[in-house]
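One chain, chain A, appears in both complexes that follow, with chain B as partner in the first and chain C in the second.
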Partner chain A sequence: MEKTTITKRNIADDVIALCPGKTLDNSNAHDMVDAIVRAEQSGYRFIVVDMAGLEFLSSAGVGSILSTVELLREKGGDIVLCNVPTSVFHVLEVLDLSEYLTIRTTEEDAVAACNG
Partner chain B sequence: MLTETNSSRSIRIPQDLSDGEVRAFLANVDRVLDNRPPGIVLECVALEQVVSSHINLLWQAYLACKESGTGIKLKNASPGLVRILRVLDLYDFFIEGTGTSKIRLADYVPEEVTARSDSFRCDFPATAEAVDDALTGFLAFLDKLGLPEILKFELRTVFYETAMNIVDHSGLTSDCTIGFEARSNPMKIDLVFRDQGKPFDLSRGKVDFDFKAAARRGQKRGFGIAMIRRLTNEVAYERMAKDTNVLTLTRNWGI
Partner chain C sequence: MAQTIGELARGMQPSTVGYRAVDRQTLALDALSKLTWQFAKEPDFRRLVDVLVLTISGQFTVGNAFAVVHNPHMQSGEPLCTGSGKFMTDTMPVEMLKCPVCQDYFLQHPHPIRVADLEDFHALREAATRAYESGVRLVTPLLLGDRVIGLIGLGEKVTRKPFGDDEVDLLATLANTITPFIVNSFLFMEIASLNAWYLDILDSVRQGVFVIGSDAKLQKVNSVGVEILKLCCGETIDMESVFESPLETLFPETSFPGWSRQFKLAAGRRNMRQSEHLVAKTADSERIFKVGFSRVDQGDGGEAGLVITLDDVTAIKESEERLFDLEKFADKGVMASSIAHELNNFLGMILGGVELTRFALNKGNVEKAGAALDKVMANGERMKRYTQGLTDFTRLETRKKIADINAVIADVLSFVRVQKKFTRIHISTELDAGLPQFEIDTDQIAQLLLNLVNNAADAIQEAGRDDGKVTVVTSGDKDSVTLTVSDNGCGIPPNVKEKLFMTHLTTKENGHGYGLVTCSRIIDHHHAVVTVDSEEGQGATFRLQFDLHPEEPSDAVASDTSPETDSFV
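Entry: the complex of A and B
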């Protein structure tokens, strides 16, 4: 698969959106971890991962979220997933992660979740 | 209507909640429990629409199993049923709370899968780029089979995770080759990988790997094998002649 770039979009003072594009796999999972850690170090407490258009999520992609979510939660923040395609949600559900991870339908809902 | 499947420990939950069906279901539960099985499976494939009486029926079966010290598990539970059980905080009783294995993705059998007998073969170098190319060919094969999108997504994941695991951990160099064959029939699909790298028995991976606990530990790697195990029904490993590893991953289409 072609490596897709993680794009960033500032939403609010402490909320940033990251979009992995078509794939979140071994080719760009490390970039996602980097982007999340850098955002946290820059003062963002909440990271919205916009999965619109995501066609494939590998274990490395799952790992990029799992390995960083507690980092945010320890500081009162979170990673909020939105626009999660049905097939990706299905996999997260089977991995018992659909309730552990914060998932919202739309970006608007995700931002609302960040605001409590 | 028959309420028992062809397995003596698997009992079908009826959609029809007439007194006769309910009595027959509960009698089946009692009869199966009389044989002291380690666990029973409640087959939910007939449940097209779930109402509170179905949940009551599930609960009665759970209580009977609890009393006899037997585990209970649901099979072919629709996402809707799982959602209802979760909302009612009952999900863990059937999935995790009684010592039986958790429901895996492989337990969600898509509706009306009618894959035909066909096969696909390719050999590819042990590199990430070559895995991508081989994946493209495999996806074209899955398209030919006419599978539901969600099932294609599962098989794509199994292929990718297995192939990348071999590339990353077998010690093979880029001039080495990985052999792959997919064989489908109306019952199942087998994905067979052959390589001559370090022996590794993927079938030892845990089906019940706790992803949440891994997250709390900040674990960064090691999710792939657990995903493969949850997405397949069987994993078999053999070390053949000429130091060849043969890994066969099976995904059943139906019961």
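Entry: the complex of A and C
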């Protein structure tokens, strides 16, 4: 299983974007959890997960979001997904998570959701 | 064991507190179904099990979950496991899964165990209880019949609220529903594996194999078949589009002239020809393929399709062509010696006649000189006919034309009869004057006949007969012409008859074994069928049947069922 690296970008004062690359599965789900937890500990209330280019989302990948989203929500923040490919969105939809998780079309929309 | 799955699930649940009254059963099952089908497109055990965890994670909104499953179709083997969050595992072995249930239970039970086995079941429950400490909040077994084939475990919900009774029931229902999915999916993957195995078998065949459906469209092709298509149609051929393509598209006229028509004719035949040779044109050369057909019949007698095999015999055919030419030269070498002998005979008689004439003239006996000159003339005429016969069938060029096979036979025999080898053999003919003329290569037919009568003479000589007889008969109708060559020689032993047309087979002390191979090639060129009747010590009969309409279905192939008769196409 080829591991893809989680990349980070500051996109607003208290918003950081994390990009999992082609896959979010066992190979990098731990890294995603670590990145989210560290960002939260560093004071970021909002985390945008940029899913552009994501081809495969496994149970571990879904778990990395679900196991950390309440951590941010408890402090008034959130995890916002953006640039979600159709196939991945379909998975989230059939899992009934498209309502539970905050999903926006573009990164700008995601930042707007964080601010408002 | 009277416990229901729900009871089992509750019994194994480390902590059941609270209530969540959401009826999501339909949604959950629908999600599971959709995801299973989505992931079944790419058969992979881990992904299949991952679908379970993915579904559970979504439906119960948990970040930590796991599933461990035995393959219900296998008696042993590593259970498949996957997990998310705290229970994530990135390698296959169960011990890597961070769940005591798996470590305690599955490592001890490599096979699915019976639920009735209470001792083991209690061990499972105890393991589940201990699992609470590592974050497992809900565990349910996957039951297939009376056996536990797997476990599903859930960690804490993201809301940190406890699971309600409805959710416990939902998990049990999901588990109950998931099991047939697992069984079916495992079957699906095993079918995919069998399909891959079947393709591996096809790929291991050195011939190109094309499986054509009852709709005359390509269903399967092996790697050699793909190479043949690329060789003849170009590397740019779209392999995606060849499937579901009709035969005309698959074997286009430009590269495979006349092929699709031949295939359709073959599909309509009851007795399929197994040795059709068809020529394909590549960009810079021609390839020759031996084509075989096999019809795939359904159990109810219906036709399910056609299997076409293409064997590239270009190199073999080229080798045979060279052999064929060599045979001609070899025959000519043998014949040259015979010709020299015959010409010497004629010359001896002519010179003797001239000497006799001079002697008579010296004596003034004009009448006797005239008689001697008549003999010189007669021998000169015989020599002329002899040399004419030679030139008629020793040409190297080969070509087919509409011709009278009786005339070819008469020419050959007129030459053969005067040879020393045949002086003690009576050659008789029964040639049907009403035979239709048909397309033959007269050179090749002459060579074929010469080989057969030469072999007949050798067989008579081997039998030590003084009353040797060779009979050449022709007969026919509007559909076929038959040429029969019989002798009363030594006959052909059964073990030799089986190998008559194989290269290098010879029973003669000085034979080279090419003669009947040449015959076989000529027979093949003329779409003829040869049958051999022979009983050791009683002579032999070679019967050649020429199909006058070789492209039409023919059931005449090998129709002689005599146990002493062998047929060769």
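As a working rule, the second predicted complex is superposed on the first by the 115 of 116 C-alpha atoms of A that agree within 3 Å, B and C clash if a C-alpha of one lies under 4 Å from a C-alpha of the other, contacts with A are read in each partner's own complex, and residues count from 1 in each chain.
Please note the rule applied: a residue touches a chain if its C-beta (ideal position, glycine included) is under 8 Å from a C-beta of that chain, and two chains touch if they have at least 3 such contacts.
Computed from a prediction, not measured in an experiment: that's the story for all the values here.
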{"item": "Fit-or-clash call for chain B and chain C when the two complexes are aligned on chain A", "value": "clash"}
{"item": "Touching partner for A:Ser59 - first (chain B), second (chain C), both, neither", "value": "both"}
{"item": "Contacts of A:Ser67 with chain B and chain C, given as first, second, both or neither", "value": "both"}
{"item": "Chain B versus chain C as contact partner of A:Asn26, first or second or both or neither", "value": "both"}
{"item": "Touching partner for A:Thr86 - first (chain B), second (chain C), both, neither", "value": "first"}
{"item": "Which superposed partner A:Glu99 touches (first chain B, second chain C, both, neither)", "value": "first"}
{"item": "Set of chain A residues, in rising order, touched by both chain B and chain C", "value": "1, 26-27, 33, 58-60, 62-63, 66-70, 90-91, 94-97, 100"}
{"item": "Chain A residues within the chain B interface of the complex", "value": "1, 25-27, 33, 56-60, 62-63, 66-71, 86-88, 90-91, 93-97, 99-100"}
{"item": "Contact set on chain A toward chain C in their complex", "value": "1, 26-27, 29-30, 33, 58-70, 90-92, 94-97, 100"}
{"item": "Residues of chain C that touch chain A when the two form their complex", "value": "24, 27, 30-31, 34-35, 38, 47, 50-59, 61-65, 82-86, 88-90, 158-160"}
{"item": "Footprint of chain A on chain B - complex, ascending", "value": "79, 82, 86, 102-105, 108, 128, 132, 135, 149-150, 153-154, 156-157, 160-161, 164, 210-212, 214-216, 218-221, 223-224, 226-227, 230-231"}
